[in-house]
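Attaching a single structure in structure tokens format; questions to follow.
Each chain carries a letter (A, B, C and D) given by its place in the written order, and its residues are counted from 1.
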Amino acid sequence: MEPIRKIAVNTGGGDAPGLNAVIQAVTFAAARLGWEVYGVREGYSGLLDPQNYPDGGLMRLTPERVRNISHLGGTILGTVNKGNPFKVTESLQGGMTVAKDRSDEVVAAFRKHGLDALVAVGGDGSLTIANMLNKKGIRLVGVPKTIDNDLSATALTFGFQTAVDFATECIDRLHSTAESHQRVIVVEVMGRYAGWIALQAGVAGRADAILIPEVPYDIHIIARHLQDVGASGKAYAIVVVAEGAKPSGGDVMVKAREAGRQERLGGIGERIAGELESLTGKDARAVVLGHLLRGGSPVAIDRMLGLTFGAAAVDALRTGKDGIMVALQPPNIAHVPLEDAVKQTKLVPVDGYGVLTAKALNICFGD
Amino acid sequence: MEPIRKIAVNTGGGDAPGLNAVIQAVTFAAARLGWEVYGVREGYSGLLDPQNYPDGGLMRLTPERVRNISHLGGTILGTVNKGNPFKVTESLQGGMTVAKDRSDEVVAAFRKHGLDALVAVGGDGSLTIANMLNKKGIRLVGVPKTIDNDLSATALTFGFQTAVDFATECIDRLHSTAESHQRVIVVEVMGRYAGWIALQAGVAGRADAILIPEVPYDIHIIARHLQDVGASGKAYAIVVVAEGAKPSGGDVMVKAREAGRQERLGGIGERIAGELESLTGKDARAVVLGHLLRGGSPVAIDRMLGLTFGAAAVDALRTGKDGIMVALQPPNIAHVPLEDAVKQTKLVPVDGYGVLTAKALNICFGD
Amino acid sequence: MEPIRKIAVNTGGGDAPGLNAVIQAVTFAAARLGWEVYGVREGYSGLLDPQNYPDGGLMRLTPERVRNISHLGGTILGTVNKGNPFKVTESLQGGMTVAKDRSDEVVAAFRKHGLDALVAVGGDGSLTIANMLNKKGIRLVGVPKTIDNDLSATALTFGFQTAVDFATECIDRLHSTAESHQRVIVVEVMGRYAGWIALQAGVAGRADAILIPEVPYDIHIIARHLQDVGASGKAYAIVVVAEGAKPSGGDVMVKAREAGRQERLGGIGERIAGELESLTGKDARAVVLGHLLRGGSPVAIDRMLGLTFGAAAVDALRTGKDGIMVALQPPNIAHVPLEDAVKQTKLVPVDGYGVLTAKALNICFGD
Amino acid sequence: MEPIRKIAVNTGGGDAPGLNAVIQAVTFAAARLGWEVYGVREGYSGLLDPQNYPDGGLMRLTPERVRNISHLGGTILGTVNKGNPFKVTESLQGGMTVAKDRSDEVVAAFRKHGLDALVAVGGDGSLTIANMLNKKGIRLVGVPKTIDNDLSATALTFGFQTAVDFATECIDRLHSTAESHQRVIVVEVMGRYAGWIALQAGVAGRADAILIPEVPYDIHIIARHLQDVGASGKAYAIVVVAEGAKPSGGDVMVKAREAGRQERLGGIGERIAGELESLTGKDARAVVLGHLLRGGSPVAIDRMLGLTFGAAAVDALRTGKDGIMVALQPPNIAHVPLEDAVKQTKLVPVDGYGVLTAKALNICFGD
């Protein structure tokens, strides 16, 4: 393999606290090896449409430039949600749009700039794209990003704990309001396929019920549980719902994936609040945390993890790795083939200690 | 006036951070004077329906008991939203309900327990009730409570700054998400008649537009402003909306009061997001903070204010005051006749330095 | 007066949350008037030693550049603590140093760059320097900055509330530790001449004693109070001490000013912990918060205040003001002659509602 | 084994966020099995000296009582630091003290109250005592507690992440102050034998150097590193020091254990600040976070872990376990013989990814 002298890093898909930590560590680790580092603006847009950016789409990254970014939310490179270079949406005359494969342009621009390798940070979609670009010849190491923490290949992803902590703080705040108004408050959190955020924040936030995609729920069971809780002297209730939670009956995984095609499941919190209000006779309200959970300064563990992934990605390139994703498999950092990296969703084990602890605390899952 | 030996304190209406600080200070200040203090449970319910409570509806409050509550959200006494003893809702056979005047029972129970005076903590509604009970002979000092900070008689009310700070933190978090998704995010906050929370949190949170009840808005002006902002290179926008914001045209105060009759205006954030999406062509989403802003540990200023009001209320009773409300009129604590206390809404002055500062920062009010 | 086309802004003295808000508002407000804005690096160093800075000591400030800085701690311009251009320390051969008056160079550089006016943000020392430069012909408006909130001319200064809130959070955290170890914890906070931070954070943080410069303390009175508290069943105690607190006896203000000549009073927390340990027989420890209170993201009120001062400073220049400082005198922004601006220290009134509330809560001041 | 009907839980040693979560989960889990639960006040004091407590030293714990405590710092049971029933300090006439073995009294009181088993929550010392009581016939399951996270038997302990997060927030705040004053700030954190807190908070907090017990440091290497950092344009520095950090030379583990005999190492932060000031010529200050890191509301992960340990301890008793400690060995909860539980300190691996990441970020360990 040719020696590396110049690499790029980009970030794709939704926002997650810890992205800037990855960028910071990639830059420092590469600089120690004497490599130059460039940040591609907004996924692959900096390579495809350089004219849109004052710096020609590539931001020169030096330790001085990125020294103080690991604690900042967002990403200094920008990230575009649907930036698939294999299917770039273009508008035609008459208002129609077509999807155009511009991946060869990405490869050509990459070569033109003399870039030797790419560190691609992203989720499911971005890593699939990365894999396809790798097959087209771009030397590449992936870094996983999912705020839902639902990737089997890695024990943890950055952004998750920040989301859990803020969701927990929000739930803490809702207790006194729910209590003084003697209400049921339904808190909707992220988690399309897996209920990690709902489970952790629900248990930490002293919820009475937690609905997650892994456990199809029966709304009557939840309503009955809330009435039992009320009978025991607690005049209010908190229900935490993952956006991908599903009522029992039917093939749940199929349903979840269908729902995933929409941009956001939307409204499950409000639907459940409505159902619980009519079933229990109690005033019920929904609070949708979704957008609030992606931002903010990453908590320490997410900074550490982003930094570790960034440093490990550069180290993988240094030792000749290609077409892999770095992953946390404690106490080690592992290398997983990109091919397999995003295949398997990490679901909440219904008999794991998380759910068992929740049940010991008399938290209802609707099953 | 007879010497006081035994007083009660109660909290009414919606939750606000700082209520426990009032209770703590009332208890300490009264104990220093050798008075006994009792907390009435859930507004006046502890007096009307003592059988519902293990302690007979009155919680004995001692310095030891309340020493460590000023930092806690909610109220240890409970608060019932519609607990008007002049209009207690009772269910008849056949599902009908009637409103019954049980105020004489309150007075009788008050006498029976040997209570000499009441410190009544509450908003608009609760203080009106307090005034009526005062006319029926209950010696009484009121403490104002409105998270919206919209009471003319007092420069500040507790809970307000806690709400502003948390709203600001939420807006901070939304920036990176709005940016990475290149979205308009509409943040709905409390403020039915006055836009204090929206103004303060909007300016502190670097909003592009702020809609408040005091300034009727033209949605087209806002949309145009967001497009100008976009043209200047900022690909996202944050709009902060008070729940009582109103489009221009028609008598605004009338409309606001009408709306106030509903429990919550509901949906203005989402309505505006929809309108802005169709006018600007940008993806727009609403985030409703309402329920999140009432809870949580009060920030220092709200603890200080709650404690000050509590101590001042006892001091007012000590010096023979009756039928008044304590209020902050810096650098003094003032006594305002209950009669006048809740008459006047404190609106955001449209030519005050708050709005002027916002305008200097190029924030649009839709006017 | 000549029309203004180009202004500068600088920040001097210690760090305070809200400085970036001032810079942001100055930039926006000036840009609306068509003025160019430059930030002088590190007090006056950017004018005196331009060769030390890549941008020649002046940072071009545009709305785009400063759009997202009001929420950041510190100052993007830097601030040097002892940057008095009238007494610049220079090293001579042989290790000696001399103080040189380089103020004429400041004026000359100011003219050379075509700057028409300066917004000088700073405390006591920086505003005195500003006044002297104003006398030498630099058109100038000052913005007050003191985290201690001890300036008579203005009702509030930015940074203060952020410091109080974080100090309060720290004290909250110390309760459980103090309790489980049955200790006296002495918390030292800033406040050389005035005890505002100690008073507010001490009351909000449920302290047992608060020592402030305004009330000379008798350590035996405090020790006796802690023993009384202990006898009432509370096995631990929190004492909050302003760094400028003084034992009774002697001329206190003289002593405080003397002490002020040292960079930091240092060790008063530990000294008091030691004395209380020997007097009460209880384990006592000191926690010094000093350095922690200057940093961090400003809370909403401090952002608002910094932004308001910045916008008001530009407005003052626009209307021809010169040699004044902007100040908050609710509900107005006032203009105070620089001459008088820093003359009077705002002390905690010992019979104000703050101290009275504290005393009602059985908090001891050692008097 | 006899069926269990009545159990006790106690907490010993220093404060750690998450203790109340353990108590909450023990209570709920036991209540589900129909067991009665009692909390022993202040370690074993509630059993030894019942006359000191209004409730006779045992607090009846029901789900209603503990429903809302998992988010609170401290412990509702109290904890006494040196409460070893095998060596109770007693004062003799003349001011002398003797250590008395009162362990038989503990066993007798335990029997007298009809208690069938004990869940003992504590660190090193408390679990050694628990093991000795277990040998005397008290059926017992231990729950590990160390804020330093330095126990080999478990992957994580509660309280640790809360400490890391708050230390990180403090370091974040110190950046702007260190920068504006161009200072070296030395931040001392807990960690007598292991540097986990220093490592995590130091990396997350963007420190320039991190000193941990596992890596003996050479102060000259650190000073040189800070000068290199300064030469690269960063005019300030942050150094994070674990209280157990040691200079190179001599047998480090022996020294650390020696030091451990003192209650607190004390002063290492200040010593290092002094040395760095004289070696680098820069102004250097120490900030000691020690006492601040034990308090506060536990972050989500620590609540979850405390709850999990509490539920698992009850489950272990249910299935007949005795003389063991519950531990996290992901993805399982393991049972470790008490004998072995506290034997091995979990040190930071000097070639693990944490240290490697730090080194990639150009953080100096002084080696």
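Brief remarks follow.
In the analysis below, a residue touches a chain if its C-beta (ideal position, glycine included) is under 8 Å from a C-beta of that chain, and two chains touch if they have at least 3 such contacts.
What you are looking at is a predicted structure, and each value in this text was computed from that prediction instead of being measured.
Relative to chain D, the chain whose mean Cα position lies farthest away is B. Measuring from the averaged C-alpha position of chain C to that of chain D gives a distance of 36 Å. Our note on geometry: chain B versus chain C, Cα centroid distance of 32 Å, whole angstroms. Centre-to-centre separation between chain A and chain C, using Cα means, comes to 41 Å. Residue positions 172, 175 of chain C each touch two or more of the other chains.
Of all possible chain pairings, those that touch are A-B, A-D, B-C, C-D.
Per the touch definition, chain D reaches chain C in the complex via residues 14-15, 73-75, 78-81, 166, 169-170, 172-177, 179-182, 185, 285, 287-288, 290-292, 294-296. The residues of chain B lying in touch with chain C in their complex are 24-25, 28-29, 32, 63-64, 67-68, 70-71, 155, 161, 164-165, 167-168, 172, 175, 200-201, 203-206, 232-234, 297, 299-301, 303-304, 307-308, 311-312, 314-315, 330-333, 349, 352-354, 356-357, 360-362.
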